[in-house]
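Shared between the two complexes below is subunit A, which pairs with subunit B and subunit C, respectively.
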Partner chain A sequence: MSGGTQAAVKTGRKGPTKRQLQEWRQGYLFLAPAVIVVGVFIGLSALFVLYLSFHKVNLFTDTYTFVALDNYKRLFTDEIARKALMNSLSFAIVVIPCQTIIALVVASVLNGKIRGRYAFRTIYFLPTLTSSSALTLIFMFMFSVTGPINMMLIKMGVLPVGEGINFLNDPSFALKVIMVMNIWSTVPQYTTMYLASLQDLPASLYEAADIDGAGTWKKFTSVTVPYLKPITTYVLLTGIIGTLQMFDQAYIFSNGSGGPANSTLTVSLMVYRYAFGSNNAMGYASTVAIILAVVIMIVSFISEKLNASESLY
Partner chain B sequence: MNGMIKKSKLSKLLALCLTLAMLFALAACGGNNKGGSNAGGNSGGNAGDSGANTPDDGGSDAGSFTGRTLTVGIWGGNDQETAAIEQLKANFEAQYGCTVELKVYTDYNTQIQADFIGKTAPDVFYVNGSMFPFFSTLGVMDPLDSAEYELDKFYPNLIAAFTDADGNVLCVPKDVSTLATYYNIDLLESAGYTPDDIPDSYDEYKAFLVDLQAKLDEVHGKNQIAAMTYNQDLARNLFILQDGNDGLIDADGKAALTGDSVVKNAEFILDLVNAGVWKTPSDLGLGWNGEAFGTGKVAIMEEGNWVYGTLRTDYSDINFGVKAMPTYNGTQYSMSYTVGYGIYSLSENKDMASAWIKYVTSVEGETIWCSGAGCLPPRSDAATAMDVESDPVWKVHAEMTAYSIPEQLGNNYSIINDAYRNYLPLAVSGEMSAAEFLAAAETQANQEIANAG
Partner chain C sequence: MKKKMTVGRILMYAILILYAFITLYPFLWMVSASFKPLREIVGGNMGLFSENMSLESYKTIFGHSSLFPRWFLNSLIIATVGTVINVFLNSMAGYSLSRLHFPGRNRIYHALLVLMMVPGQVLLIPNYLLLKQFNMLDTFSALILPAAANIANIFLMRQFFVNFPRDVEEAAEIDGLSRYGVFFRIAMPLARPTIATTAIFGFMGFWNEFTKPMLYMKTNTKYTLTLGLQSFQSQNGGTMWNQVMAAACISVAPIILLYLIFNKFFLVGLRMDGEK
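Presenting the complex of A and B:
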């Protein structure tokens, strides 16, 4: 590519050379498969969802009735939708800071010169390799009335014998169990990203900090954290998207119903229930999906702004 | 310079090769899809791995469907069910000299709807009784002629379960399961009871179960053994809730859960739960009734006949008996769960689909299926042929068929059931009264129904 450009500059001709044209053609040819696949399966689908959200849809009879903003109006008076949004947001508010901070701390510890750090790195990465559905089932076993968590609490004397908490069927605990599970399974992935970046952190920065008399904590907050800012931005963004779109764990946990008492009903689960239940309500489901996308965009935008403004000190 | 030209030529060649390879890969994918959706198309591979019966040596009789393929949409079952359906398939293939392709769905009610929308549903498919009212409104099944399918030989309440709003029968029932009362004889005796002490009426259940629970706690330690399990599901609670009223839906198919009679019936359930004598399997840390009963954690359960096979094979050390469901307010009830076969209205193999249904719902077909899969035949002549009366457990379940109400609640069964299951835990924990919980469930269900439009 650069060779071609140089050639163009040397000859001083205006407009692209034959070779440039050829290279561009080649470039687009290589891009074409990806563009077509992404365009059809993501671009067109997204546009179609937008179209569906203004219609009352019956896919079985292929009828689309234009209802203007009816679906949107209905959504804003739908208490269950509000509950689902609150669930998703509170899930995100708890999970994102936890997973980011824990990942950061674990990464900086594993980056230190501790004995057996490679073994720890491998062990800590295992949760990410487990499929999320298998993970959910394991957690459901652990948190069941007779499961290990309750047994531990009973042995420690926190709970009376034979009166374990039914975490799975108690609306005040169900979502929290999923939070714990989600944090546990996402931390390793983010730890790995932080760790990869920490490997590149020049030792001279720490040496300079040592000379200035900084302690471990000061080095962590003033060298490590600022250095990892770009990674943090990425972690926060993927965290926001991942938590607000959480579906599989809630689905398995509640057997698809979002219960008990809608406590595990996330927005994605609600979309699924309207789109593929016996509801036949693809139009309304599309509306919910569009609003979810807008919420994710807004939250991501705010978080990026906040994260960027910190660097102005 | 020369080298550079060579290099660029080489890269051009490589690019061309890559592009061609990609195009081929895409074309191959497209081709495969086409073959998959065309039932009659490239089915040679499927026929090959389907086992011993090759379509060509179809035998002497019939052979009218030679060389054709029938697709049957089913959901997966346990090993015995799989063996039974494979047997039916092999017999049908041998008789007609055709190929039967079993399309096994994992999330049936979702995936089959996707196939209806895509107009690629199998020629003939399972329909769950609870989903029938909804599917019957979609126009995806052909009406079936009563005489042609000998519908008068089937139990009338099962045919009624597969009759649409216009009075057309759209499915032929293939089997039925009913609820009965299972009791663990050893546990009852350890508490000083005999099976005869179990009351025949729900009215006396509370007093009996409270005593039983106290004795079980005394003998086995507190909270070790539960007197009885129940399920927080309309599939199990429907007959109690709709006793003495017009049912849980109104004329428009909307949920109607707030009538005095429904509230009273819900209070009856909650009373047993609050007395600590009805526990869910999840309260015991177990998956379902069969597991709780099989591991000896519960003395009495109400379960369908599918649990019989599990108890015999997986939990053979449990000494149990079976009796009729208790009466509620003086009426004998049970629940029935039925599945039927419907013919896809866009099928190009309706003659084969029709022949398949006739075969699998014949006395011979029902005998193979029901004795293999562990369910009751939907027609009395098949029940006689199978001699279900000879087994005491089967006898009880068969007797329950006549008293059972089907697991159906109009088009919106799953919505109403989800709303019911959603709020029942709040009533159990005491956060809501029975009336409040039913009102909350009704509001949610009707809002979802309205949103669906």
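Presenting the complex of A and C:
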């Protein structure tokens, strides 16, 4: 790097040296591709969706008509939107605590000194590897009228013979099946996050608890859980974003309709139906998507604040 | 530590075994149903095994729709190309944000932080319209380009490089490596565990992606495996469970195989192998 040093000596004036300029150039060059991709497909897109939300879009004629706040006003009188929001919220309220608690418990147990942990880990991660379309099909099979779940319930005597529940087409069960499926398929990813963090937990903390005569449960609640607090915030935020945006599983489950009786119609699925379905209402769909984004941000913000303030005590 | 079987330990094993069973149960049924004749499945045979098991479903699938191998190849191409591009763009950006000093760096960093908060769902419509403008709909580029960089992974790489000892870089520069050489020959190889983690999750992201192929791909020969699987199911809606499950098996098996091969690397990447 003799060139750089020479340049630094030569330029007695203020301003960047040759060496600095080289560093600047490398900095911009390394950052540019990622920033361009992200800038266009996130930044520009976010502005574009905002623009769309004030317009009536006709995809077939490629025309955009300014309609001011009409799309936003429409939202308040849209019964389907209310139904979809309720579905998404109840989905999130059930799924997030379940996935977080199960992941926390599984990870802490897995982190202990146990035999066959390698085998257990290998098994536990299987759902993470499987595509949502394959997973959804497996669960649809399991919960079909003559599927394994119904057969098991009949054999256990919970249901009379030959009267399996039509989980897939019964509006009171369809969303619950998707909840079970979603918890089952997301726990491994959160277990992974917890495990990675548990590796950094200093053994001295457990040793101190041992000296205090703490049992397994006591160690879990007073050492493991507080230590994992930051990662729990992250898990919760990821959970909120994931559940409120849930789309794939509901789409495949209902083949894009949100049925039966709109019981699996999540907000994302409704956005899809308005934007790409026969409604040809991309402007309104953009509005719904924006409102969803705002709701996600508010909920994330609140949960982050709650989690942070608790740790002050 | 003494290997004493306390109540706590028994409970731990009980939890582990129960959860392993819950995890495996759907997979076992998927495999089992794919080998069973349809009349036994709808007839409510409870057993995972049956004497009538055969490869019939698989033969039917490959007989009827030779598109399955095509879909598999499509998924493989998209996921591989997308992951390789991601590895370079993310680690370069992460390095730039942590080790290089230039005007506007903090501003870009904060802009990325803000952009990361934009939920993906809100971007589907504008991305669709942009790709339509770029004439990219129904091409693999539509699935690769918008996901060619990932802000979360950029930050992960940045985090790695922030803690990266400066001495190593300085020593390499003294040894006559250029600035670019330091990154590609020293920094990136040392970041291998972190890169491996992002690459594996990136690859799975591309492989499992459903929404985007569903929106962008119209020609059925360009379908990814996930989309092909769904279209196969909706055509045979709930009736031919044996064939649908065989199709699911085919889509799941290769990636599970890959996982079993990569497993050690995957766990090392996340430091989950218990080596402290």
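Observations
Please note the rule applied: the second predicted complex is superposed on the first by the 297 of 313 C-alpha atoms of A that agree within 3 Å, B and C clash if a C-alpha of one lies under 4 Å from a C-alpha of the other, contacts with A are read in each partner's own complex, and residues count from 1 in each chain.
Here is the rule we go by: contacts are C-beta pairs under 8 Å (C-beta built on N, C-alpha and C of every residue); 3 or more make two chains touch, one makes a residue touch a chain.
Values in this document were obtained by computation on a predicted structure and should not be read as measured data.
Of the two partner chains, subunit C is the only one that A:Y251 touches; subunit B does not reach it.
In the superposition on chain A, contact of A:G259 is made with subunit B only, not with subunit C. Between subunit B and subunit C, C contacts the larger number of subunit A residues. When both complexes are overlaid on chain A, the residue A:K56 reaches subunit B alone and has no touch with subunit C. In the superposed model, A:R74 lies in contact with subunit B only, and not with subunit C.
By the document's definition of touching, of the two partners only subunit C reaches A:S45; subunit B does not.
Of the two partner chains, both subunit B and subunit C are touched by A:F30.
Residue contacts after overlaying the shared chain place A:K155 against subunit C, while subunit B stays out of touching range.
Of the two partner chains placed by the overlay, only subunit B lies in contact with A:Y284; subunit C stays clear of it. Of the residues of subunit A, those at positions 26, 30, 33, 144, 146-147, 168, 276 touch subunit B in one of the two structures and subunit C in the other.
Within the complex formed with subunit A, the residues of subunit C that make contact are 1, 6, 8-9, 11-13, 15-16, 19-20, 22-24, 26-27, 29-30, 33, 41-46, 89-90, 92-93, 95-97, 100-103, 105, 108, 111-112, 115, 117-130, 145-146, 148-149, 151, 154, 173, 179-180, 183, 204, 207-208, 210-211, 214-215, 225-227, 229-230, 233-234, 237-238, 241, 244-245, 247-248, 251-252, 255-256, 259-260, 263, 267, 270-274, 276.
Taken in their complex, subunit A has these residues touching subunit B: 26, 29-30, 33, 56, 59-61, 74, 78-80, 144-147, 161-164, 166, 168-171, 257-262, 273-274, 276-281, 283-284.
Subunit A meets subunit C in the complex at residues 1, 20, 22-24, 26-28, 30-31, 33-35, 37-46, 48-49, 52, 102, 105-106, 109-110, 112-114, 117-118, 120-135, 137-142, 144, 146-148, 150-152, 154-155, 168, 184, 188, 192, 195-196, 199, 203, 215-217, 241, 244-245, 247-248, 251-252, 255, 268, 271-272, 275-276, 282, 285-286, 289-290, 292-293, 296-297, 300. Residues of subunit B touching subunit A in their complex: 12, 15, 18-19, 22, 26, 109-110, 113-114, 116-117, 131, 134, 138-140, 222-224, 280, 282-286, 411-415, 418, 421-423, 425-426, 429, 444, 447-449, 451-453.
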